[in-house]
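Order of writing sets the chain letters: A, B and C. Residues in each chain are counted from 1.
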Amino acid sequence: MERPRHQGMAKNTCMRWRLPLVCLLWEVAMIVLFGVFVRFGPEADAHWEEEKHQMNLTSDIENDFYFRYPSFQDVHVMIFVGFGFLMTFLKRYGFGAVGFNFLLAAFGIQWALLMQGWFHSFQNGKILIGVENLINADFCVGSVCVAFGAILGKTSPIQLLVMTLFQVTLFAVNEYILLNLLHVKDAGGSMTIHTFGAYFGLTVTRVLYRPNLEQSKDKQGSVYHSDLFAMIGTLYLWMYWPSFNSAISEHGDAQHRAAINTYCSLAACVLTTMAFSSMLQKKGKLDMVSREPRALEQCFVSLQHTPGPLSKRDGAREEPSREQGNKAPLPWLCTTFLHQGRSLPEAILTISILCRFIKAFDFTGSYKTRTPSVQGGFQAAGIFVSLLMAFAGGALVGAILKLPIWGDAADENCFEDDIYWEVPEDEESDVYHMHNPDKPASP
Amino acid sequence: MERPRHQGMAKNTCMRWRLPLVCLLWEVAMIVLFGVFVRFGPEADAHWEEEKHQMNLTSDIENDFYFRYPSFQDVHVMIFVGFGFLMTFLKRYGFGAVGFNFLLAAFGIQWALLMQGWFHSFQNGKILIGVENLINADFCVGSVCVAFGAILGKTSPIQLLVMTLFQVTLFAVNEYILLNLLHVKDAGGSMTIHTFGAYFGLTVTRVLYRPNLEQSKDKQGSVYHSDLFAMIGTLYLWMYWPSFNSAISEHGDAQHRAAINTYCSLAACVLTTMAFSSMLQKKGKLDMVSREPRALEQCFVSLQHTPGPLSKRDGAREEPSREQGNKAPLPWLCTTFLHQGRSLPEAILTISILCRFIKAFDFTGSYKTRTPSVQGGFQAAGIFVSLLMAFAGGALVGAILKLPIWGDAADENCFEDDIYWEVPEDEESDVYHMHNPDKPASP
Amino acid sequence: MERPRHQGMAKNTCMRWRLPLVCLLWEVAMIVLFGVFVRFGPEADAHWEEEKHQMNLTSDIENDFYFRYPSFQDVHVMIFVGFGFLMTFLKRYGFGAVGFNFLLAAFGIQWALLMQGWFHSFQNGKILIGVENLINADFCVGSVCVAFGAILGKTSPIQLLVMTLFQVTLFAVNEYILLNLLHVKDAGGSMTIHTFGAYFGLTVTRVLYRPNLEQSKDKQGSVYHSDLFAMIGTLYLWMYWPSFNSAISEHGDAQHRAAINTYCSLAACVLTTMAFSSMLQKKGKLDMVSREPRALEQCFVSLQHTPGPLSKRDGAREEPSREQGNKAPLPWLCTTFLHQGRSLPEAILTISILCRFIKAFDFTGSYKTRTPSVQGGFQAAGIFVSLLMAFAGGALVGAILKLPIWGDAADENCFEDDIYWEVPEDEESDVYHMHNPDKPASP
């Protein structure tokens, strides 16, 4: 383990025993924990027939499955294809982008099912799961994917798994505090998913900052077809956002409204984003995908801040969305105009959060005994807690990830797949080496 | 504005102020118009509970949302991934294909919601929207995507937005005349979407014809991976066609039947298309994607002429499809055999339209007071109006697009992304320039 | 027909008349057979209104269409995009992978609708089809896609169509014997789809084995972007597996449970697969996609052996899954640990099949008069019949495919698209030929 740390010397990035050991141990733990704790919820198990009669339902079609499963599959595609391919824009990091996203998300959803289950679906010592739990697990993992985008290319798969473990845990704790203790209204997962996810990711990035990476700017670029692969991810995230926002809304009009609302908002986002993209580029050209991780962050946050429905969670049910039912579906002005600029400073992000905050006062809320101003105080507390968890948690996790035991790559090997992946020695790579003659052909 | 027009001189293609200005102004207009006119429809707003009782519905699952949302998302994927990637076959125009399709479709659906809303969903001064409106907006934009295919590589983004504005408007007017005034039966959007869309596109292409483009044949070719990207688009258009055809059919058996019908017809199309593709090629090889815009047109038109259900619209409800309920689901013979040949002259297209026309006589129709022959006359009038709108509208829009203010590229820059997009300077492009030494590496 | 067979001489691979003839003749046959036999089922035809009342259903939403259509579309994507792109990993065989998969699947689903219809949906001389038939046809074709993976790159399109014709036929016969005669329980299509499909494919591969192909190892490799295309296929197969397993389960809790079960199992599979992938590679690197057809086979079989629901078919309805309703959803241990190793010998496959076999004893079954041990005997008979059909059928079909009339490629042309496809002469291929100077540029 006493390996030299100074730059230029190869770090030990071999995963042969470390990765399998971590994966298999964790999988054994998962199996034990699932065996002990997890059971099918009432609408997924054999007692559904009795349950159905108790709930005065007349048909199998009223099983929650049919209300949510199509949206669930769309969200699933967003997490694995959307986020995975979004990050394939890097020249030689496509395998890492798709593959590590796959690995961490698959691990994360198992852990999220348990963590969120203990906090929200725990009855008589068992976690009862149904399709809504699957969606919430995917949501939780979505915040990890956002953070992954911020440290893309600089971490080993084990670091990503460790980060996922901690981030999912903190996410579930934060969610519990906000929804169940503070009874905060969290429209569209604004605080629990987006504020927490983005600032957690940014904090981890800051801690893991490597000053020498500025040298290897060329590897941080894209090639023509890698940008097209990234467009697959972008489009799926965009197209399925109505499903993301409506997936856990209440049955009936609330889901319907959430989908329409998001559809309209997103269409407007495209035009404003293109406008700013062209305006901010020196020659007025459009930029295919944002290339800096920061920009990615902002892009998500802004997209996700589109005025969505209130999410249906334990502590914050969504009667307000009924009250505002007949309003125009398009108060997107503030959202899109302010947020879409790729290089606008984060200050604007904060403004937008404040905007949401002010907007939150409008909701007189389901927690009926609170006056609007009291509820406003609780909303502020919710933001404060989310930011605290993000900064403190991010700093802690960043420090853990800096330990020299996780097998991360040396600076000169960042953004390269062949550290962790079998990469075919192909024509393209021959061409690549033709133009980089000082780099040996086989790693 | 007095810039030289003769070939060889660079045109001013800089979008820096024009594109943002157009996008932002239109977006402001959209926001105002949506704020004034658009409201949630009865099944999407808070009155749904009352509505539900009035309609004698017992469950939230009977909200139209659950009948149509899965199909809607499939149609959405067809428009953005299907059409977007279908056109990525060109060597160096993948960004334009996906990106401009994204831009025009996102703008188009907003304008289509308004236009179709004013004509079909207008009550008490408000447009009431629900999931069916979203699907119809996507359909309308589909006809713009078809036209985009016909002028691919030769237009600036502003021209595309202008074309979208006009085409959506004409589409909605044509639809109104046919369905609400003539009470024409428009099976599968045959006249409103496909006949109108294809001939409008062809007319615009003819007006924008550039004789010198024959020289740059090489840039109009594909490369190996660009053809694979195009296959993503092709497959999604093919796979989700049953959703396209069933999305706005009536609830229950009609949607069921439309999906089955399309599934079977499409499977047959693949074999006949492959057969003709092999037969018409000199060495009997198969062609991955049709490379000429014309062929694309035809392909769509033929695919879309598959015997689908009658679309459910105001003026033309679809009882006939119930009457023909127990027939075999596969009268595809004429459709597939005639239409799939890539280079068959357009005459065949017209024949096929006549076929449909004759078929239309079978439908005694919901407009019950009409005799079949009277209805046949109205059908003929419908085709006539659609063609008239397509030719006259296409000529007008083509003339507008020829104005020298839209920033379109010079002939020698057509089919190249780097006019309007930041293109990475990558290995591939180095290789590209290696083989094109007379072209400077940086634009 | 007396053409020389020794290596080095070009075989006649021209498809110009053979392929169109086969396609068009078969399509004519399909049209006649569909015209004679196929009709819409009760829930898809105009009698649905009466039917609905007879079945005491109150709403159109209780049409089977709404229970299954979203899952059907997911399965459809798995067959065409999932399997199609999964096999694009080969350097120069992407067109063949996607295109031939498209061709054979489109033909296969038509023939499967007929074959499965005659065996399972035949009433009064007519095949009555609904959405469940479409799903079953896609399932049946899935087993052909698995077999296609095993002979990828070595066959002509006509051979693939012939294989599809026979395999679909044998599949339907095997399914009929197992489900309707032996009343075997076939959890998740374990025997009918996976055991039969995999061993049929392996047998055909063995018969078509070409010893000289070892020389052209280089063409059997991948390039960087071809591996990324393959990841699209992998992800779609993985993401939509819950739909695959729940698509034809019983309404309500059974579908719900199947989806949850598969979701959890699949997440675990990712970690164990990554672990073994890293462990078995000399430098501990991860492998993007399995490159040997054998590994592909195993991968499918193992994935598909995930403890899914019992499929709902005539002979084997699924009360057992209700009995085990409240169990933990995750008995995946055996499945994932044993199966995921890429190079583990097939022996393990057999063990796993034995595991399932033993597990099958637990199910006391719907066929209520049988004791568990008698049912166990029938289960064993089911496996025996499936293997027999696979080996004997595979040998027969392999022998037929060896006839010198199908236009397959010579050894030195295997794994190359330009035998059967118009391939663009692009930069990449120039580069390719730069590195293969002995091969002429134009075929």
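Just so we're on the same page, contacts are C-beta pairs under 8 Å (C-beta built on N, C-alpha and C of every residue); 3 or more make two chains touch, one makes a residue touch a chain.
Here the structure is a predicted model, which is why all the values come from computation and not from measurement.
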{"item": "Copy pair chain A, chain C: interface residue numbering same or different (half cut)", "value": "different"}
{"item": "Rotation angle superposing chain A onto its copy chain B by C-alpha atoms, nearest 5 degrees", "value": "120"}
{"item": "Distance between chain centroids, defined by C-alpha means - chain A, chain C (Å)", "value": "33"}
{"item": "Contacts with two or more other chains, residues of chain B listed in rising order", "value": "58-59, 61, 66, 70, 225, 232, 428, 431"}
{"item": "Contact set on chain B toward chain C in their complex", "value": "57-59, 61-62, 66-67, 70-71, 74, 91, 221-228, 231-232, 235-236, 238-240, 242-243, 251-253, 255-257, 259-260, 263-264, 266-272, 274-276, 278-279, 281, 283-288, 322-330, 332-333, 336, 428, 431-432, 435"}
{"item": "Residues on chain A engaged by chain C in the complex (per definition of touch)", "value": "14-17, 19-20, 23-24, 26-27, 30-31, 34-35, 38-40, 43-49, 52, 58-61, 63-66, 69-70, 73, 76-77, 80-81, 84-85, 88, 92, 94-95, 98-99, 102-103, 106-107, 109-110, 113, 129-131, 134, 157, 225, 229, 232, 418, 420-431"}
